[in-house]
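So the structure is just underneath, and the comments pick up after that.
So that you can tell them apart, the chains are marked A, B, C, D, E, F and G in the order they are listed, and the count of residues begins at 1 in each.
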Amino acid sequence: MEYVYGALLLHAAGQEIDEEKLKKVLTEAGVQADEARLKALVSSLKEINIEEVLKNAAAAPVAAAPA
Amino acid sequence: MRKPAQWKVELVDQVAKEISSSNVTAIVSIKGLRNKQFQDIRKSLRGEVKIRVMRGTLIKKALEKAQKKDIKGLEQFVSGQVAVVTGNIGAPVLYRRLEGTKQRAPARGGEIADHDIVVEAKETSFPPGPMISEFQKVGLQTAIEKGKIVIKKEAVLVKKGEVITPEKAKVLERLEIFPLIVGLDVLGAYEDGIIFTKESLSITPEQVAADVATAFARAKALALRATFMVPEVVPELLAKAKLEADALALAAGFLTESNVQLFILKAIREANALNA
Amino acid sequence: MEYVYGALLLHAAGQEIDEEKLKKVLTEAGVQADEARLKALVSSLKEINIEEVLKNAAAAPVAAAPA
Amino acid sequence: MEYVYGALLLHAAGQEIDEEKLKKVLTEAGVQADEARLKALVSSLKEINIEEVLKNAAAAPVAAAPA
Amino acid sequence: MEYVYGALLLHAAGQEIDEEKLKKVLTEAGVQADEARLKALVSSLKEINIEEVLKNAAAAPVAAAPA
Amino acid sequence: MEYVYGALLLHAAGQEIDEEKLKKVLTEAGVQADEARLKALVSSLKEINIEEVLKNAAAAPVAAAPA
Amino acid sequence: MEYVYGALLLHAAGQEIDEEKLKKVLTEAGVQADEARLKALVSSLKEINIEEVLKNAAAAPVAAAPA
């Protein structure tokens, strides 16, 4: 999930998610980013309304609070 | 200019020294705290932190004298009845320890209610007598039942934002309703050159855990949506494909060794529905 | 949520989450990290079992399935 | 449930469900059909929209399992 | 579903489900039974314990079954 | 279920599902495809709205997937 | 979902799922397989008990969710 967290971080920071930026963030976190996966995620995300997905995810029962 | 009293100079020097040698310094409000509670709190925190109750002007002087970078940033929190807390734990930890000392306390009158104070309908422990008029004076509906004063109807005795009058405070205490939360209320803290406001300190582990769960759910939703194959979402994708295949096989009437159960189940359900 | 995404990125990358690392990751993503929040978050994270929280979150079904 | 399965079979075969047909099918399956039960089932099926019931059955949970 | 209803009818009637019996029942109901499907169902049923499925039917919901 | 997964694969790939294509895909996956089954599945699929069926199947929430 | 269908096809065919086989099946179905996604899926599947997931998917409460 590193790649996805990185993408979410960029999104939350108001940045556009491109391969270069995502790679830099991942590298900074100590992840050796794989070019192909970077590409796969970035191109898939371009086709998605991220805000919409996040909104629906939040609506899902995340409740399961830790004891 | 008059020379400051010797005790003041010594106190300021002493506190400045304590601040200098401590990891964390916090300015806390002691408003509404009774002496007994204060002593209890001090006792429960003994060995962990030092609490100094002193005048604001002296706190500011101590902050000025302390050998800590940017500690003057704490001055903004020095106003009203405050104390200086020093210790060698992290600022967030100190905050949580101090929050943990907060207790419910009876009102004395004159305080402002920070929530609606409700008196429930219930039997009290008081026999008929002068208490009745005290209850009635503050507007409670009472009656005598089985030799006890009974409050007939639930009532909001003090609305949020209103002042708790001494009469109401007295009644509340009689009914063992403690509307105040008192303790050392952290206004701001300092650690390692950083000034922590109450807002950043109030990030609790519970809230962080909830945020972590939310972040994970979002990441998972995004990965699912992007069909980004990570172990966290692959089981769900597999399950989805399986359900799709089952549904398609059922719809197509494509019965095989591996899905005959689906058809049997469907027939049973239908028979049950028809039999109902 | 930037701080939390950053923390989870570090966690997923197998890194220990400390203030310095988190700050670097956030900075790389273009977030001006606030020292106090960094510290508060890191100290809160120390008190929770991230793995446990993630496991519970994973058990909850996510609404948004791919179309 | 023999009677019901027989009725479902006829329905799926595009046949109208009447006592005679149902009896024949049951007999063929080795069931000695009881006239009263045949009548009861056939007349109650006339009053319901079988298609509708079957459609709902797919969604509804199974109430009680036949022993 | 005709084949399945026929098979369950035989089962409910206490009969063993073989191709011949199933074919007869289906024919009686007006269904022109296809040998390949008869074979497929009968051999599939040999591999499952129908009683078990019936018992579990109450608990186990069917996957989004189309009507 | 090989046949069904094969059909789903072709459908997702935007291909029309015919016996020849399905057979090739199955063969590539190491399945000795049976002509009768191929025929049965392909002809049944022609009569249903696959998209519709998949949409309804997807609407069903997938619970607790093991991590 | 092509990749997932392909993987399940191989699984149902009793094959081990590796990148090469999956790629061949996808290609046969007319999908231009992306190496990164192949790799990601195959490596994810290695961490999963597919049988278990499939079993749970069937058992998962579909539709009839309690309010």
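Convention: contacts are C-beta pairs under 8 Å (C-beta built on N, C-alpha and C of every residue); 3 or more make two chains touch, one makes a residue touch a chain.
Note that the structure is a prediction, hence the values are computed from the model and not measured.
Chemist: Same interface as A-C shows up in which of E-F, F-G or A-G, over half of contact pairs matched?
Modeler: Match found for A-C within E-F, F-G or A-G: F-G.
Chemist: With contacts counted as defined, which of the two, E-F or D-E, has more C-beta pairs across the interface?
Modeler: When the contacts at E-F and D-E are counted, D-E has more.
Chemist: Taking each chain's centre as the mean of its C-alpha atoms, which one ends up farthest from the centre of chain C?
Modeler: D
Chemist: Just give me the whole-number Å value for how far the CA centre of chain C lies from that of chain D.
Modeler: Chain centres of chain C and chain D, defined by C-alpha means, are spaced 59 Å apart.
Chemist: Between chain A and chain G, what is the gap in Å from one C-alpha centre to the other?
Modeler: 23
Chemist: What whole-Å value do you get for the distance between chain C and chain F if each is reduced to the mean of its CA atoms?
Modeler: 40
Chemist: Can you tell me which residues of chain E touch two or more of the remaining chains?
Modeler: Expected reply: 1, 5, 8, 37, 40, 54, 57, 60-66.
Chemist: What are the residue numbers in chain B that touch two or more other chains?
Modeler: Where chain B meets two or more other chains at a single residue, that happens at 209, 213-221, 225-228, 230-232, 235-237, 239-247, 251, 253, 256, 258, 262, 266-272.
Chemist: Applying the document's contact rule, which stretches of chain B touch chain A when the two form their complex?
Modeler: Within the complex, chain B contacts chain A at residues 206, 209-210, 213-223, 225-228, 230, 232.
Chemist: Which residues of chain D touch chain B in their complex?
Modeler: 1, 4-5, 7-8, 45, 48, 50, 53-54, 56-58, 60, 62-66
Chemist: Okay, in this complex, where on chain G does chain A touch?
Modeler: Going through chain G, the ones touching chain A are 34-37, 39-40.
Chemist: Under the touch definition given earlier, write down the residues of chain F that touch chain G in their complex.
Modeler: Within the complex, chain F touches chain G at residues 1-2, 5-6, 8-10, 12-15, 21, 24-26, 28-31, 59-66.
Chemist: Help me check something: in the complex, which residues belonging to chain F touch chain E?
Modeler: 36-37, 40, 48, 53, 56-57, 59-60
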